[in-house]
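So, here's a batch of structures to check.
Both complexes shown next keep subunit A, but they swap its partner, so subunit B is in the first and subunit C is in the second.
Moving on to the complex of A and B:
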C-alpha cells in the first residue's frame, strides 16, 4: 500500500489528524474572514486561504488529482479572475454599513446557526455507524488516482464530459459577448469635429495652467496664481479634494529650533 | 483522541453555512459571488469525503465536474457584474433594482 492509501483508511491516522485540525481551523478562519472583511480584496485573499486548505484536504483524502486541480483552477485561475475584476471595479468595491432591511443581519446569522445545527445533527446521526472504506482499492485498480479518474471519465461519464466541453465553449462566448463594447464608426468624433468643438465659443482652447509651485509649497493641490493675484481654479486637478490646513497644522512644529 | 472522516463532512457543513450566511448579509455582488464559490467548495469537500467513505472514485468525478461548472459560472457571472458596473457605476446588489415591480 502506498502512504496515501494508508492515510485513507478509517479512522484518521495520527498524521492526517495533525493535518486536519490546524488546516480545518485555518479554513474556518478564512471563511469567516471572507464574510467579515469590509474590503473586497481582503475577502478574496481570505477565500484563497480557505481554498488552499481544501486542496490539501483533497490530497490527504487520496485524491491528489483533485487537490492539484483545486489549487491550480480555484486559487490560480478563478481567484485571480476575481482579483482582476476587483481591480477593474475599483474603490467602489467596499461595502456600505447601512442595513436596507432592519434586523436582516441578525436574522441571517440565526438562520445560519440553525441550519448548521440541523445539518450537523443529521449528519452525525446518519453516519454514526458507518465505516469509511478508503480509496486504496479503487486507486490501485487502474494503477493510480489519475488513471482511475480517467478510466471513469472516458467510459461511464463520457457523455457528461462532452456536455461539459459544450458548456465551457458557451461560457467563453457568453463572456466575450457580455464584455465586448460595440463601437460603430459613426460614434467616434472625427478630427474636424473635435477641432470645431475645441474652438467653439465658451470652450477654453489652451491647455490648463499648471499648479503653482512656490517656495512654501510643492503640492499639486496648490493653485497657480493669475497675473492679477487671484487663484487659478483650473490649475488644480478636479479629483483632488479641496483641502484647507487646520490651525494645528499651520502652527510651527518646533523643528526650526 | 481519534477522528473519523465524518469530521470532513462537518467541516464542509460549517463552510457551506458560512457561505450561505455571507450571501444573505453581504451586498457587494463580487463578495456574494465569492460566498457562492465557498458553498461550491464545501460541496466538493463533502463529495470527496463521500467518495472515500464509499470506496469508489465517482464522488471525485462529480467534484471534478462541479469545478468545471464553477469555472464557467464565474466567467459568465463576472462578465455580467462588469457590464452592470459599466452601466450603473456600482457593484452593490441593492442598486440593481431596475426589474423591480
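Moving on to the complex of A and C:
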C-alpha cells in the first residue's frame, strides 16, 4: 500500500492535508539536503528547515506546546548555537568524500532505501485499518495540552524526568573533558615575558618589510633590498626561496592601466 | 490543576540508584573544589563507599517485590539481583580503574583535549596524573545501569540506556597510550550507539502504536489479547531487540565490539565487558519475560538464529585474532550467544541460569583484563598475541592464573565457566530448545581452540627478546585479580549458594 492510500484511509481535514503535503515535501527535501550538502552550514540550514516543518506538524496535530517548543528551543536556540559554532570553527572545512571501503556508498543507499521501503509498506499495512484517535481526549483530561504534558512529566515519568539531569551533567563534563585544555601557570607566556623576548638580542622588534617594497617589481617573490644591496630574505614568505627574477617577471604587468 | 499529585515513591527501594547518582554529582563537585594532585585520593574512596552503601541497600531490600515511582520502576527479584551484581562487578572494575602503580599517572590521559602527538601530549604521556573525571563518569554509568535493569516502562528504559551509554562513550576516549585508537573507538561506539538508540526509540513508538501504552504490564495485556496489528507488534519488538542486542554485542550488531574493546583503556573494557553486558541482558530479560511472553512463539526462532549466529561469529573470528584484547572481545561476543540461549529458554530456570552466567562471566572477564593490564613493556600494554609467547617461562604465576581464566572461558569443569554453561544449556534443554543447545555445545568446542592456542603459546614457546615482562600489580589490581580468580574457582567448585540465590531471585513483578 502506498503512503497516499494510507493518507486516504485516515480521516484528514482538507486544511490539514493542504498543510501536510507541501510541508511534508519540504521536510523531506530538508532531510535529504542535510545529508547531501557538502558545506556544514548548508547542512545545518537544511536541518532547520526540516525542524520548522516538524514544528508545524505538531501544532496541526493539536500538540501546540510541542510544536512551539520545537520551533523556539530546537530551531531557534540549539540550531542557531550550532551555526555559531560552525561559523567560529570555520565554515569552509568540508568533509572529504573519499570512500575507504569500495562500494560502501552505493550499498548504504540501497540498504537505506530498502529499509525505508520496508518500514513504509509495513506501517502502511499495519495502519490501514486503524482510525486515528487524536489528542482531543488527552488534551481535555487535565484541562489543556500543556497541563496534560505536565501531569505526565510530574507523575508517571517523574523519575525518568529527574534522571535526564544526569545526562546533562554527563554531557557537560564530557564537553569539558574532550574540548577544554587547562593551562597551568607557566604554560602560556605572560605579557612582560613576550616583551622581553621581542627586544632580546637576536630578535628584530620592528614589523617586517613587505615583499617588493624596495624592489623594482610588485611580485611577492621579489625580496626587498637591504642598504648594502643584498636580498632581505625576511621580506618574503618562508616558502619562497629568495632568487633573482627574470626580466619578464619583473616587467610591469600593465594592471595599473 | 489541583489534582496533580506526586506518585508514591519508595525511596528505600530506589536508594541504590539515588546513592550512585548522588556520589557521581559529588564527584563532579570534587573535580571543581579539590586540587588536582589530591582528586584521586578523594574520588576512589568516595566511589567505593558509594558502591558499598548502594550494595547495603540492595541487600536490605532483598525481599521487596513492588513497583514504585508511578509504576516506572520495578523492584523485584531479577532487578535486585542484577543491581547487586552490577554493583559488585563495578567495585572490582573500579579497583582496576583506580590502579596507579602500573603506569605513572594511571590508565587515563591527563588532558584528553590535547592534540595527539603534540609536544604537550608527549610530556603528559610521561607521567602526568590521569583525568580524574573518569570516576564520576563511571558512577553515572553504573547508576544508569541500575536503573536500566529496574525500568518498568520503555521510556524509563530508554532514558536509562542513554544515561549509562553516554559516560561509556566518553570513557572510551581517555586511554593514555595509543590515543588515536582510543578516540576512534569512542567515536565508533558513539555513532553506532546513537544509531542503535534511534532503533530502540522507533521500536518504542511502534509498540506504543500497538499497545497504546509503554508499561510492560499493559504491553503484556495487549499482546495476550491479540488485538491490534501484528505488523506493528513484530516490527516494534524487532527494533527494540536491535537496540538491546547492540548493547549486548550479539551478531550481527557486534561489529563495534572488537574495535571498542581494543581501543578503550583496559579497565574500562573490563567494565564494559562485565557490567554493560549484565545490564543489557537484564533489560532484555525484562522486555522478553515481562512485556512479550505472549509472543514467545514468534520471536524465539528469530532470536534463536541470532544466538547461533552470535556464537558462531564469536567462535570463528576469535580463532583468527592476533591481539589479546580483540580475542577477548570476540570471546565476549560468543558469550553473549550463550547468554541468549539461556534467555530463550523462557522458563524460570532460563532467568536464573542467565543471572548465574552473567555473574560468573563478569568476574572471569574482569580478572582476564586485569592480567592484560599487567603484561606490558615500555610502550604500555603488549597486547599482540606473539608477545605473549613464552610468558609461562618468564612469570609462571601470572601465566598460570591466565591459563586458569582461559580454561574457565573454555568451560572446563571445576571453573565457573563450566557450571554456568551447564546451567544455561540445561535451562534451554528444559525449555525444549534442543537446537540451541546443540549449537552451543558445538561452538563451545570451536571456541576452546583459540583459548588453548594461547595457553600452548604461553607455556610451550621459548621466551624471545621481545617477550614483555609482567609488572608487579599494585594493591588495587591484585585485589581485583584475586577476587576474580577466587570467584571463578568458587563458582566452579561450589556453585550451590549462588544457584539458590538466582533461583529465589527469578520472579518478575508485572
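Rule of thumb we're sticking to: the second predicted complex is superposed on the first by the 175 of 257 C-alpha atoms of A that agree within 3 Å, B and C clash if a C-alpha of one lies under 4 Å from a C-alpha of the other, contacts with A are read in each partner's own complex, and residues count from 1 in each chain.
By definition in this document, contacts are C-beta pairs under 8 Å (C-beta built on N, C-alpha and C of every residue); 3 or more make two chains touch, one makes a residue touch a chain.
Note that the structure is predicted; figures quoted are calculated from it, not measured.
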{"item": "Subunit B versus subunit C as contact partner of A:134, first or second or both or neither", "value": "first"}
{"item": "First, second, both or neither for A:159, with subunit B first and subunit C second", "value": "second"}
{"item": "Touching partner for A:143 - first (subunit B), second (subunit C), both, neither", "value": "second"}
{"item": "Which superposed partner A:54 touches (first subunit B, second subunit C, both, neither)", "value": "first"}
{"item": "Partner contacting more residues of subunit A (subunit B vs subunit C)", "value": "B"}
{"item": "Which superposed partner A:221 touches (first subunit B, second subunit C, both, neither)", "value": "neither"}
{"item": "Touching partner for A:24 - first (subunit B), second (subunit C), both, neither", "value": "first"}
{"item": "Partner chain in contact with A:125 - subunit B first, subunit C second, else both or neither", "value": "second"}
{"item": "Which superposed partner A:171 touches (first subunit B, second subunit C, both, neither)", "value": "both"}
{"item": "Partner chain(s) touched by A:179 [first = subunit B, second = subunit C, both, neither]", "value": "both"}
{"item": "Common ground on subunit A, meaning residues reached by subunit C in one complex and by subunit B in the other", "value": "119, 123, 127, 130, 157, 160, 164, 167, 170-171, 174, 178-179, 181"}
{"item": "Residue numbers on subunit B that touch subunit A, as the complex places them", "value": "1-11, 13-22, 24-28, 30-31, 33-35, 37-38, 41, 44-45, 48-49, 51-58, 60-61, 63-65, 67-76, 78-83, 85-86, 89-92, 94"}
{"item": "Residues of subunit C touching subunit A in the complex", "value": "1, 3-7, 9, 14, 21, 24-25, 28, 31, 69-73, 111-114, 120, 131, 133, 136-137, 140, 143-144, 147, 155-156, 159-160, 162-163, 166-167, 169-170, 173-174, 206, 209, 229-232, 235"}
{"item": "Touching residues on subunit A, where the partner in the complex is subunit C", "value": "119, 122-123, 125-127, 129-130, 142-143, 147, 150-151, 154-160, 163-164, 166-167, 169-171, 173-174, 176-182, 187"}
{"item": "Contacting residues of subunit A [partner subunit B, same complex]", "value": "8, 10-12, 17, 20-21, 24, 27-28, 31-32, 34-35, 40, 43-44, 47, 50-51, 54, 57-58, 61-63, 65-66, 69-70, 73-74, 77-78, 81-82, 85-86, 88-89, 92-96, 100, 104-105, 108-109, 111-113, 115-116, 119-120, 123-124, 127, 130, 132-135, 137-139, 145, 148-149, 152-153, 157, 160, 164, 167-168, 170-172, 174-175, 178-179, 181"}
